[in-house]
Structure formats: C-alpha cells, structure tokens
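We call the chains A, B, C and D, going by the order they appear; numbering starts again at 1 in every chain.
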Amino acid sequence: MTTLTNAASGAIIAEVAAVIVANKVHLSQIDGLIGDGDHGVNMAKGFGRTAERMQGRTLTLSEAMTELADVLIAEIGGSMGPLYGMMFTDMADSIAATPVIDADAFGAMLRAGRDGVQAVGSAEVGDKTMLDCLVPAVSAYDDALAQGGDFAAALEAMQAAAVVGRDSTVNLVARVGRSARLGERSRGVVDAGATSCCLILHALADGALRRMTV
Amino acid sequence: MQRFVNDPDDIVDETVRGFVRAHRDLVRIDPANPRVVVAVSAPVKGKVGVVTGGGSGHEPAFIGYTGRNMVDAVAVGELFSSPTAKSFADAIRAANGGAGVVVLYGNYAGDNMNVKMAQKLAAKDGIEVQTVVANDDVCSAPATERDKRRGVAGEIFMWKIGGAKAAAGASLAEVRATAQRAIDLCRSVGVGLGPCTLPTVGHPNFQIEPGKMEVGIGHHGEPGAFVTDLRRADDVADQMVDLVMDDHALPAGTEVAVLVSGLGATPVNELYVLYDRIEQRIAARGQIVHRAYVGNYFTSLEMVGATLTVMALDDEMKALLATDTACPGF
Amino acid sequence: MQRFVNDPDDIVDETVRGFVRAHRDLVRIDPANPRVVVAVSAPVKGKVGVVTGGGSGHEPAFIGYTGRNMVDAVAVGELFSSPTAKSFADAIRAANGGAGVVVLYGNYAGDNMNVKMAQKLAAKDGIEVQTVVANDDVCSAPATERDKRRGVAGEIFMWKIGGAKAAAGASLAEVRATAQRAIDLCRSVGVGLGPCTLPTVGHPNFQIEPGKMEVGIGHHGEPGAFVTDLRRADDVADQMVDLVMDDHALPAGTEVAVLVSGLGATPVNELYVLYDRIEQRIAARGQIVHRAYVGNYFTSLEMVGATLTVMALDDEMKALLATDTACPGF
Amino acid sequence: MTTLTNAASGAIIAEVAAVIVANKVHLSQIDGLIGDGDHGVNMAKGFGRTAERMQGRTLTLSEAMTELADVLIAEIGGSMGPLYGMMFTDMADSIAATPVIDADAFGAMLRAGRDGVQAVGSAEVGDKTMLDCLVPAVSAYDDALAQGGDFAAALEAMQAAAVVGRDSTVNLVARVGRSARLGERSRGVVDAGATSCCLILHALADGALRRMTV
C-alpha cells in the first residue's frame, strides 16, 4: 500500500510556503481587483515566516502544519489567520498520532481541514471564497478513492478539481468577505483565496506524490 | 501619498509605541504581546475584565478607550484588519482579574473568527469569556437581520457602559447583559464624502465622485445604502437623524446620548455644523439630547465624512455614562 | 467641495451654535454677542478673567478651551480672520469678575489691532485689561525678532497655565506674568503636506506638490522656512524636534511638555508615528518628556500636516499644568 | 468761502458704500491674486450694512462716518474692521463739532483718518497697503491748499494722487498683511486695500464736490 511517512514529510510545508511566497505579488494583484490588495502580503508573511523558522530543523508533517497554523493564528490575524490557521490546525491534529499516512488518513486529514475552515468561517460553496476550491477538491479526492483509485490518483484528482473549483469563482458574486461590498461588480474576476487555496493543494499533493513509498 | 510614514508595514507597531509613550500614565504594552494595549490599572482583582480589539486606522479607537473604568485591554490588528486570535487571547489574559472577561467587539468576519478562537484559547487557561458583538450600523443590513449589521461608533458607548458596569463590581453575566443592552440601545449611520488609502496599498480603496455622498458607508469604505447628491449640511443631518431614528423608533420624550464623529479628514467645525441641526431634528422628532460628543472619536484614516450615533438612555444608562473614566480617547 | 456646509457665510455662526448646544454643561453664548463663547462658570467674582479669541477654522481652538479653570470667554472671528474689537471687548466684559482681565492671544496683525481697540473699549467700562501675545512659532521669524513670530499651538499651554493661575486666585499682574512665562517657555513648528480651502473662497489657499513638505508652515498656510522633499516620518520628526529644540536651547535634564497636533486631515495614527520618534529624539538631546498631548488640538480646516510644541517646565509650570480643568478641547 | 454743511452731507457715506458694494467682486478678485480673496466680501459686508441702516434716516456726515466705523469695528473684524474703522472714527471725531466744514477742516479730517490707520496698523508707505494710496492722497490735498488751491482743487488733487498711489503698489513687494507671505511673488499686482481706499477717497471727494456751497 502506498503511504507517506509523517516524520519524513515536514518539508512539504516548506515547499508549500515557497510556492506561496513566489506568488505573493500575483495573489495581491488578484485581491486588488475586488478586495483590498493584501492577500499575497498576508499569505507570504505567514507562510514565509514559517519557512524561515523551519529552516535547519527536521519536523514531521503534522509538526510542520502546527508550526504554520501557529504563525497564522498568532501573527497574521485578519481572515486568513483563522481560516488557514484552523485548516492546518485541524489537518495537523488529524494525523498527529499517525506515523504512516495512507490514502485514507490523508483523506481524513483533508476533510478535517475543510471542516475547520467551514466551522470558523461559516461560508458556503458558491460564496466566492477559498471554499469554492477546497470543498470540490476534497470531494474529488474522496470520490477517486471510492471509485477504486489509488493514493496518487486521488491526489491528482484533487489537483484537477482544485483548478476547476478556483476557476468556478470567476462567475460567482462574492457573498462573504471584503469583495461582497461590490455585489454584482465582483463577478468576472477569480477569487484570491480560492487561488491561494489551489496553490496550496497543488504543492501539498506534489510534495506527497514525490515522497510516497510503496 | 502626503503622509507621515516610515515603512508602511511598521505603521501599526509605531502607532502603538507612540501611543503608549504619550499616554503612559494610563496605558502600557502587554509584555507578552506588542499588539496588546493594557490599562495601567488592569487587571483589577475581582473585577470583570473588559476587552476589545479591532483593526488599526480608526484611532483613537480602539486603543484610545483603554483606561480606568473603561476597557482594560485592547487587541490591535493591522490597518483595517482583525487582530490575531492570539492577541485577543493575550488581551483577555491581561484583563483577567479572576472574575471572567467580557469581549466587546464589532461585527466583522475576521473579528468574529479571531474572538471565537481566542475564547477557546482562554478557556484552556480557565478564563471564563463572554462576548457582545456590536451591530449598531443601521445601513449595513435591514432591521430584520440585525445580526448581520456591522459595529461602528456605538461601540464607544458599549465600552463606556460596559467599563463602568464592571468598575461598579457587577458579575460577568451582568456586565455582559448591560453592555449588550447598551449596544442594543445604539443606532449609527455614516456618510462618506471622500475615500482613504491604506499606506500599504497606495491607492484609494473606493471612489466618491465630487458632488456626491455615500449614505450608510462603513468604517472601511463598505458600500452604503445609496450614493446621492451631496446636499446642504442641514439636509444631510436630517437624513442621518431620520435613518437612525426611524430604525430606533423611540417613544416621545426618550432621552438620548449623541455622538458625532469625523471619519478623519473632515474639519471639526463641520461636525459642529452637522450637530447644530442634528440636535434640532432629534428634538423635532420628540426625543431629548441628554449628552453629546462631537469630534474625531472613531475615524477611518483620512476618509472624509462623519458618523452619527444615537443611544437611547434610561436611568441606569445615564448613571453609567456619567461614571468618571480616564482614557486617552475622551 | 466635499464638505458639510449650508451657506458658507453661515458656517461660523452654525459652528458656534452647534458647539454650545453640544457642550452646554461647560459653555454658553454671550447673550450680548453671538460671537462670544463664555464658560458657564464665568464670571467668577474676584477671579482674574481669562480671555482669548481668534479666527475660526482651528477647532477645537479657540472655543474648545473655554471652561472651568481654563479660558473664561472667547471672541470668535470669521474663518481665518480676527474677531471684531467689539467681540473681544464683549468677551472681556463677560469674563470680568472685578479683578481685571487678561487677554491671551496670538500674534497676528488683525488680532493685535482688534485687541488693542477692545482694550480701549473695556477701559471705558473701567475694566483693567492686560495682554499676552503668543509668539511660539519658531519658523515665522528669527530668534532675534521674537516679537514678529506668530502664535500657534503653544497658546494651548498659555491658556492652560493662565487659566490655572487665575483659578488659584492670583492677581492680574501675576496671571499675566505667569501666562507670559508659559508662552516664553514654548516653541512650536508646523509641517504642511497639503493645503486647505476656505468654503467662501472655493479653491486651496496655497499648493504643496506631491512628494514635498513645507517646513515651518503657519496655521493659515503662511509660508514655511523651506519646501523640501517629504521624507520618512522619523526624519520629519527629527527635523521638527531639532528646529524647536535648537531654538529652545534648554539645559540637559530639563523636563518638557509636548503637544503634537494634527492640522485637520492627517490621520491620528500618523500623529502617534511622529510622536514615537519625537519623544526619542528629545530624550537623545537630553530633555525629558513629562507629559504629552497627541491629537487634533489646533487645526487649520482640512490642512494635511502636523505641529509640534515643546514647553519647558519647572515645578510651578508642572503644578499649573496638572490643575484639574474641564473644557471641550481636552 | 466754499464749504460743506455737516448736517446735509451724511448721504456721502451712502454713496461711498454704494461704490464699494458695486466693486465687491472686483475687490475680491484683486485680493484673490495675492491675498485670500475676501477683500470685496469684507468691505461690501461692512459698507453695505451701513448703507442699509442709514436708509430713511438723515444723518450728518460725522454721524454717518461714526455709523460706518461702528459697523466695521463691531461686525467686520479681521484687519479691515480696525483699519477702516479707526479711519472713519477719527475722521468723524475730527469734524463732530464742526457744523460747517471748510477746506481746512476737511484737510484736518483727512489727516486724522490717515493717522488713525497708521496708529492701529503700524504700517509704512511702501509696505503695499492702503496707506500707499491714503498717505500721498492726503499729502496732495494739503499741498494743493498750501499752494493756494481752493477746496475743489484740493479734492481733485487728492483724487489724482490716490490713483497714482494705488498704482504705485503694483511694483511693490508686500511687507505686511496676508500677501507678505508671498515675498517677491507679490510684486506685479495692485494691492486690494489700496484699490478700495482709492474708491473711497474718490467717492468721498465726488460727494463733497457735489454738495459744496459758496
């Protein structure tokens, strides 16, 4: 059975952080169209700081996620702090006691993260938020497994669905968050949080795919 | 940008530092967290702690209302952005005198989330936390969905009343209930004439055409009820009073406290021009102004415009409002 | 113009009316003259009366400093224009408790003329009047011609000290001498980043190019010492401190009171950013901040910018500064 | 001897006021170039109110001047209140006890007005103010009489000198008042106060010339 070693996978979070930092300007630009233009700054600050603090240390995947969540919750604030903070807290908690992460454990972790975001943010699919990426991506992962796919196939299904989910926000009208002020005028532009969420899910899956052992 | 600023990323830390330097007789920085401002008097053993917090750029709110018989500790966020859950939690700890802590904050998505999380963090330390969410801004949602309304300058009355009630030795449940009643008795409206610019962003966060005004605008430029022609100050004042008082629907003869705040760049004399008419209009509608506050109490960087808050009073509220307080914001 | 205004010609009358409505616990309009604001406590029999006055548009100055143990009566002029001699004379009459009246005002041509004439009018009524002319603005003339310097926010300290001294029962000569000493101990500087517009005129009274600042600007846009690039807030703060403290030339260890006022449209948080550095720079130069005031204390309509006032203290000044006062401006 | 009856000359002040009110916009425009653009407004308010209050009443010249001075001092403020206020107060006082005003009395009145302005304003000829019109105009009146001219000739000499004096301000740099802020940049424009002073002296002389009896 294909699995991921928790102890050997902490660096995945450093890779996720590197992707976010590399997309700082891009994310802020998107947020600038219908938000306040700081999403890249907020995200890069939280993820970048975590990467710095992880340097030279060997962390498990769950430890690294906790580290990231702590920075988000303690140092970022706004909406991103609690939303991604709870996502990574709940993902970390879900695998904290799991040295070897199989496809089911990984799926449980994803569902925990999704539920964490929904619990703290009370938004729904269709509100033009990161949930429009996260929810279908997690479902696609589950569906792939249910349909007999393996761990890798499920991760790839998740990545594909994340892109579709992110792009689905273009035609939505924002109902929560800062862009909601624009009403109809928020249509036609991709959501910043959905974009960062898609980047995170991709990097997470890529990191897992690279580290899988049979 | 014609501003006094160093690195825009440092503006909040420098503001807090300068604030605590200037008002060290009343406030200090939490040694555990540079984004928490604490009254020098706090914590008071056996007293319910009073906490608030919110994004920066609204000075003197929120930090300016820290002090004696007012707010005990304030969590400070980035400009127009909620403080972290950790800062709210640290503020709760700093305010905790062993009798529980009430968090009196405004209804914004980020604040709701961060306070919720802070409450959990504080619970781990065995601190009982209750909350009141201010929602006095009448134009931000219909009266039937009051829980969706934003909190604005009515929060100042909520803090003053909550702070006074806590200082009087009331229990956590009592302080919560009284602060809740205070904000329930408040209605506010904002009118925007010009936008503001976040120094980290560099361009205005919205536009108001010359000759227009945005009625019902929020403290971060959230859209108002409508954009219309900027009319004479008396007409604007009448409209503000009517929006607030229609929603209030107070019995004739009710005494009220009134707060008119500039949004940042409106000259103080214009606030008095508005107030001159506001009091007359309130009187014409049958209510009586018991006490008024006019000035820059709750701003939005250099937004041009003003807000009106009317709080209905009864004997208890009048007594609590009269409680002697000391804080930089008043 | 994005303003709350009715007929621009009425703005001063409406401001005064709104002001007195809002603060009727502290102030009233002189029944003899709608352009005179009088403390409800005034006149106090046997106490030296304290009077000031000046053009409008500087709110909360001048009217905001009327109150208990502060200024007894204020003469109100048109926007940026001296009050009439009659208004100064009526203010003198309203403040007169039989022990003489001191007029503490700023060094402007119109005010000098109108106070001089008011003094003559009051003399006809047998009221002894003495005057102190504030001249704390260091950039408005060289140190060798201090009598040519304009009066700016240092006036607030002059009023506070003069008001406290009078409240303590001092004689006219003593109050005058103490207020004179207070203003002699003050030095101020203004930095302008953007102009303001008189509503009756309709266009800005001067221009400041984006990216530039006018160092030494006056309260009506009088030209500064020089126009230069707008630099980082810390550099601006250092420059303001140095201009003021070089002129002051105080011995090391001197305690000072500091007042940082916005000019109208500068957000409050920027004032704290400036103050954060100002206090450090003053300390680095060897003086000690005893007390600080940061906020919109003396504005110029919606001018963008700030002023710094530093007052040297001794034991008497510290005690007088600590005197309990009640006025809308603080 | 040519004289003016004090009792019959109050209306001269109404005529002066009419000229000022008619030039309200003009005076403000001039003040707008190097001042704050309110000179016409200030002047028209003071002179116009006086004219209104004089309506239907018969005042002597000295009474009318006192009326004007009182309005300026009590209701106008600024610099104009005291400057023109003292000018007309001192002029009125100088002729108050003079039922029949001859050329000498008129000259004494003019000198009293000039001295009043100088006493209250402490400005000098050459500072680019109303004094650059008033001082040479009064001197020209005196000189004309000294050189044997009659009352009418002296008034006309005053009018001519007032124009020259007013125009002399074009090449001056303002040293007092609001325009002083501009330094060198105040050169090249006529002074607003000198312009209003010229209008006043002309209307005063015209009124006197029309009412003279031999």
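Things to note:
In this text, contacts are C-beta pairs under 8 Å (C-beta built on N, C-alpha and C of every residue); 3 or more make two chains touch, one makes a residue touch a chain.
Quick caveat: nothing in here was measured; it's all calculated off a predicted structure.
Common neighbours of chain C and chain D (chains touching each): not present.
Under the contact definition stated at the top, no chain borders both chain A and chain B. Remark: chain A and chain C have CA centroids separated by 56 Å (rounded to whole angstrom). Note on chain placement: the centre of chain B and the centre of chain C lie 29 Å apart, centres being C-alpha means.
Centroids built from CA atoms put chain D at 81 Å from chain A. Residues of chain D in contact with at least two other chains: none. Residue positions of chain C with contacts to 2 or more other chains are absent.
Because contacts link the chains only in sequence, without closing, their graph is best described as a line. Pairwise chain contacts in this structure: A-B, B-C, C-D.
Residue ranges of chain D in contact with chain C, taken from their complex: 32, 36-38, 41-42, 73-79, 81-83, 85-86, 120-121, 176-178, 181-183.
By the touch rule above, chain B contacts chain A in their complex via residues 77-78, 80-87, 109-110, 113-114, 116-117, 198, 200-201, 205, 218, 220-223.
Of all the residues in chain B, the ones that touch chain C in their complex are 2-6, 11-12, 14-19, 21-23, 25, 56-57, 59-60, 193-194, 196, 208, 210, 213, 230, 232-234, 236-237, 260, 264-277, 279, 289, 291-296, 299, 301-302, 304, 306.
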